[in-house]
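Both of the next two complexes hold subunit A, though its partner changes from subunit B to subunit C.
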Partner chain A sequence: MVAQDVNDARKKLIRVFTFLGGIYFFLHFLLPESAVSYLGWRANHEAISNGFIVVGAMALGLGIFNIVRDHGARCVFKRSGWFNSLALLLGLSSMLFVTTGQWINGQKNSSDVRRVRLTGEFASRILSDAERPPQDRAVPPLSARITALLGHQRAQASAIEGEIAVSLGPDAPASAPMLIGEVKSKLDALDQDMSEIARVPWEALGPQQKALLERVAQNATKLASAYSLIKQANHSRTRIHKLYTFLYDGLFNQLGSAMFALLGVYIGAAAYRAFRVRSLESGLMMATAVLVMLGQISLGESQAARAGVSLQDIRQWLLEVPNSAAFRAIRLGAGVAGLMLAIRMWLSIESTSFSSRER
Partner chain B sequence: MGGRRIIYLLMIFAVAAPIIVGFSQRPSRLQSAERMYEVVESVRIEPGEVALVWLDFGPNTTAENEPQATVLLEHLFRRRIPVILLSQYQQSERFLESIPRKVAKRLEREMPGQHWRYGEAWINGGFRPGSGIFIQSMVSAPDLTKFLGRDVQGMPLTHYPNFASLGGVERVKLVGEITGLVGVFDNIIQFLQKDGYRPTIVHGCTSITIPEAYIFLDSGQLKGLLEGIAGAAWYSEVIKRAYPESDNKKLLVTNTSLGLAHLVLILLIVFGNVAPLMKKFRRGDG
Partner chain C sequence: MSGLEHVTPGILCVLIFAGWLLYRELSRVKQGYVHFIRRIPGVDALESAVGRCAEQGRPVVFTTALTDVGPTLYACLGVLHSIARRVAQYKLKLLIPQYTPEAMALVEDTVRDAYREAGRSSSFDPESIKFLSSEQFAFASGYMGLMHREKAGAAFMFGAFAAEALVLAEAGQQVGARQVAASVSPEQVAFFICTCDYTLIGEELFGSSAYLSREPVQVATLAAQDRLKLLCLGFIVIGVLLATIQPWAPRVASIMPDRLLSSDWGAISW
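After this line comes the complex of A and B, so read on.
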């Protein structure tokens, strides 16, 4: 009895949330922007949408869980087709492993480049704080911040030198010397700025100091951009990236393309066996198909032109006039049906698991 | 069974022969592709304005969609229009990475001394879940840089000067959608707009979805269309007229092999209709 009550309450809750979700997006789409702002939705719309996207993304996790449970059980108990399930699970786990490795590498690269860029951002911040001291927070003395800036840049410079050394390996890409040259020149420019900064007194912010900090900000940004190219080039030489390329380009891409390519040979067989003119309608359809195909290829174009026929114009007319009229009708019909289905889902009367019909 | 094998072999031969020999023919002139070229050519951008290109295809339709993405990006790169690449389809992740790099590399080879670099010429926003909901949020976001947040590598967009202060969606001057999926294309048409903002949308579709795309071309919601490989091939020809160094040989060979396959199909249809008639005629004679 209690279980039944809990179940009923759960169903009601799902219906309420489905209805609220539906009405929110319905009104947000239909109402003018002024009304959306008046209701206070504009400011929170991004957060609400993200919430819905997160809920949708959970379905992906649920899907993985189901696949592992069903196919895992088939493998463990050696049910029929267990070998196919094993192949599926191996594919899933290897791709998960490799893409996670790729993602971690990417994040590390970004954070390294970001640290280089921070030099410039730090210099800009020192400048703006010195010009307009902030009221809401305490700022260390200018000289202390400059010392910190110099320390940060020294650490970054040695990290960049290390990355350059990696770039010079035996399997370095052809673009490596150019990229290295670019990074070195930017690094030298920044090093020069830094040595000048070390020489200049920093008790107060004068025009010389200001110009120096502005230059550091600019040069650090340029260095970060060039450094990110070296990081990308080095990343493409990592084992995990090569493995990813092999799995995606070598297997997944080829298998997917091959599956779709089979359509071509099936269509060939269908053209010969099934495209028979048995009535006026089928004759019309065949003639149209042939004309559209001929209009799309250049083979035979000049012969047709000599006969005073423009196959492209005929094709264009067929697609623009009869085809568009027919497709509009189909889309309108499908749209009305889709609307009905959406209303039924919105009111939770479509799915039997939430409707009263189940009882 | 034997007949079917002959048909399969014929089709394979028709597709493979031009590719093996390297034979190409001038592609057929397609008005929709030409219109698309003119639309992209007419885009004028101010600093901070961008083009938004969605690559929503996976390995299954890469044969048709990849050349379309390539020619569109080539044209945008040549015109130095910064591009944000996004996807509603998780399988396109690899193509978001590889296609712009290939195009940039080719252009750099063609024009030594000039560079098209990641972060300047384009950024990869990656796969974004939520399709329609995501697009609606994007349209109403006051600042695209903040809304998109980071690129696929996790780098904040503020790191890239061309994309650091984009502002609202009004700064998107051109929207490109390359896909073989009708649903994701519908999301763009339906939701990527708001009061006072109707973007210029161009579309690359597979041959199967051409008939459906035409209704949007006819209504003016689409400003240009690339119809399968043939559309991409003609677009590349139009690019070549303006930029004679552009190398489209590979695309023309692929298009020629497709054309030959079409011819074989037509012959098979004719033969499939004539053969039974002849059989009947002979039987009647006998």
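After this line comes the complex of A and C, so read on.
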């Protein structure tokens, strides 16, 4: 009795949530843009949409847990097909390991490039703060900030030098000298700016100081762009990246391509079955297919041109007129049926149809 | 608003009309009105295919392939329910390879319910609903392997399909399975016609569930959608007429579509 009540309550809850979720998107669609903004939905729409992503992320964690539990048990107790489960778990763990490594490397690269870019952003900020001192926060003296900027750049310069040394390894790509030359020239330009900055007095912001900071901002941005290319080149030589490329591009994608290639053979087999002329309809289909195929190739076109017929035009007409009409009819029918079913689902009268039939 | 379109007057009218039609047909069916549903040979073949499996002692395979949770999946579940009930009655093995994790829970619930209705709850095996992969061709290769290992006697492919359609259908052909396909993807219909014994095209997929179950709600929806389709046909005819008279009466021909199709309600001059 209690179980029945809980079940009924659960069903009611599902119906209420379905209806509320449906009415949100329905009204969103129905109301004019001004009304949506007035109700404050515009600002919250992204947050609501993100809620669906969060539910998906939870399901992902649950999925991994289930795979490890089910297939792990199958391997441990050596149930039938345990070697398939083992292959699955090995594939899952190796891909997880490699992808995590790849992600960590990517994060490190981005943060290194970001630190170089920060030199330019810092210079721009010093300039803007000196021109228009902010009212809401205290700013250190200009000379102290310049000292910090010089210190930051020195640290970045040594990091960049280290990265350049790595780029010169025996397995360096052909483009390495060009990339290194690019980074070195940008680094030299920035170093020159920094030397000038160190020589100039920074008690107040004059035209010379202003021009120097603007130049630093520009050169640091250029250096960051060139540096990111070197980082990428170095990253592509790491073992983890090579392993990732082998597993993903070399194995996974190629297996997909191999399956796709089967279609070539299967289309031939299916065409043989379909084009056996056993009735008027199949004869008509065969004739149409031959016309479309001949219209597609230059040989058919050249042969037809001699007879004064444009096979390309016939093919075009067949594809654009009867074929498109049939496609539209199918899409219209399915669309109308989908709309009706969607209304049924939204109002929860669908659930009585099969899955929760009264018994 | 980004990501969402707003309703146009024309679509709003269609939506209101669709809601009213559904309500009207539901009321009529509840009052005992019996709608005629034309015979669909492909749907009749579902039962004979399951019967053939019972004679041969071979399993039945049902897949919704790439179908995501939505109206199409619900239409497929209606058919799955009928097939699963029959499979349970005949004590056959039912295999349902899955592509979409979200759909899996709904599929399992539907099959469990069908077994319960057939009075064979204990025969229901959750392992029969296998998640293969949500990668298109990995799913296709898994399906092929399943068909060859299990030597399925019947294969039912219902829902949305893409390039893997032919791979799935050929796998069934290779093991000599009786195949029925129903797709809302027009590009794949041609492949199914070539490789399957029966093919349901477009909305026949939505009608098949009502045809099999004759349930009032489903039959009423089928009737309502037919009437809505008639309205759409009317719109097409009006559109053709307006396009035809365009050279002689350009103002009449251009005003109506503007009013019906603009989503900027404030800018429409009535």
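The working rule: the second predicted complex is superposed on the first by the 321 of 359 C-alpha atoms of A that agree within 3 Å, B and C clash if a C-alpha of one lies under 4 Å from a C-alpha of the other, contacts with A are read in each partner's own complex, and residues count from 1 in each chain.
Keep this in mind: contacts are C-beta pairs under 8 Å (C-beta built on N, C-alpha and C of every residue); 3 or more make two chains touch, one makes a residue touch a chain.
Since the model is a prediction, treat every value here as computed from it, not as a measurement.
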Superposition-derived comparison: subunit B or subunit C, residues of subunit A touched: B
Touched partner set for A:139, first subunit B, second subunit C, both or neither: neither
Partner chain in contact with A:319 - subunit B first, subunit C second, else both or neither: first
First (subunit B), second (subunit C), both or neither touched by A:198: neither
First, second, both or neither for A:331, with subunit B first and subunit C second: both
Subunit B versus subunit C as contact partner of A:64, first or second or both or neither: neither
Contacts of A:259 with subunit B and subunit C, given as first, second, both or neither: both
Touched partner set for A:28, first subunit B, second subunit C, both or neither: both
First, second, both or neither for A:109, with subunit B first and subunit C second: first
Partner chain in contact with A:90 - subunit B first, subunit C second, else both or neither: neither
Doubly contacted subunit A residues - partners subunit C and subunit B: 25, 28-29, 32-33, 36, 42, 45, 49, 255-256, 259-260, 267, 269, 271, 273, 327, 331
Residues of subunit C touching subunit A in the complex: 1, 3-7, 12, 18-19, 22, 26, 70-72, 74-75, 77-78, 81, 101-102, 106, 109-110, 113-114, 116-117, 135-138, 140-141, 163-164, 166-167, 169-170, 173, 184, 186-187, 189, 191, 193-195, 201-203, 205-207, 209, 213, 215, 217-218, 221, 224-225, 228-229, 232, 265-266
Subunit A partner contacts - residues on subunit B that touch it in the complex: 3-4, 7-8, 10-12, 15, 25-31, 58-63, 91, 94, 117-120, 129-130, 133-134, 136-137, 140-141, 147, 150, 152-156, 159, 161, 194-195, 210-212, 214-215, 217-218, 227-228, 230, 256, 258-266, 268-269, 271-273, 276
Parts of subunit A lying in touch with subunit B, wherever the complex brings them together: 25, 28-29, 32-33, 36, 42, 45-46, 49-50, 52-53, 56-57, 106-107, 109-111, 113-114, 117, 221, 224-225, 228-229, 232, 248-249, 252-257, 259-261, 264-265, 267-269, 271-273, 275-277, 286, 289-290, 293-301, 311-312, 316, 319-320, 323-324, 327-328, 331
Contact set on subunit A toward subunit C in their complex: 25, 28-34, 36, 42, 45, 49, 59, 63, 255-256, 259-260, 262-263, 266-267, 269-271, 273-274, 326-327, 329-334, 336-345, 349-350, 352-357, 359
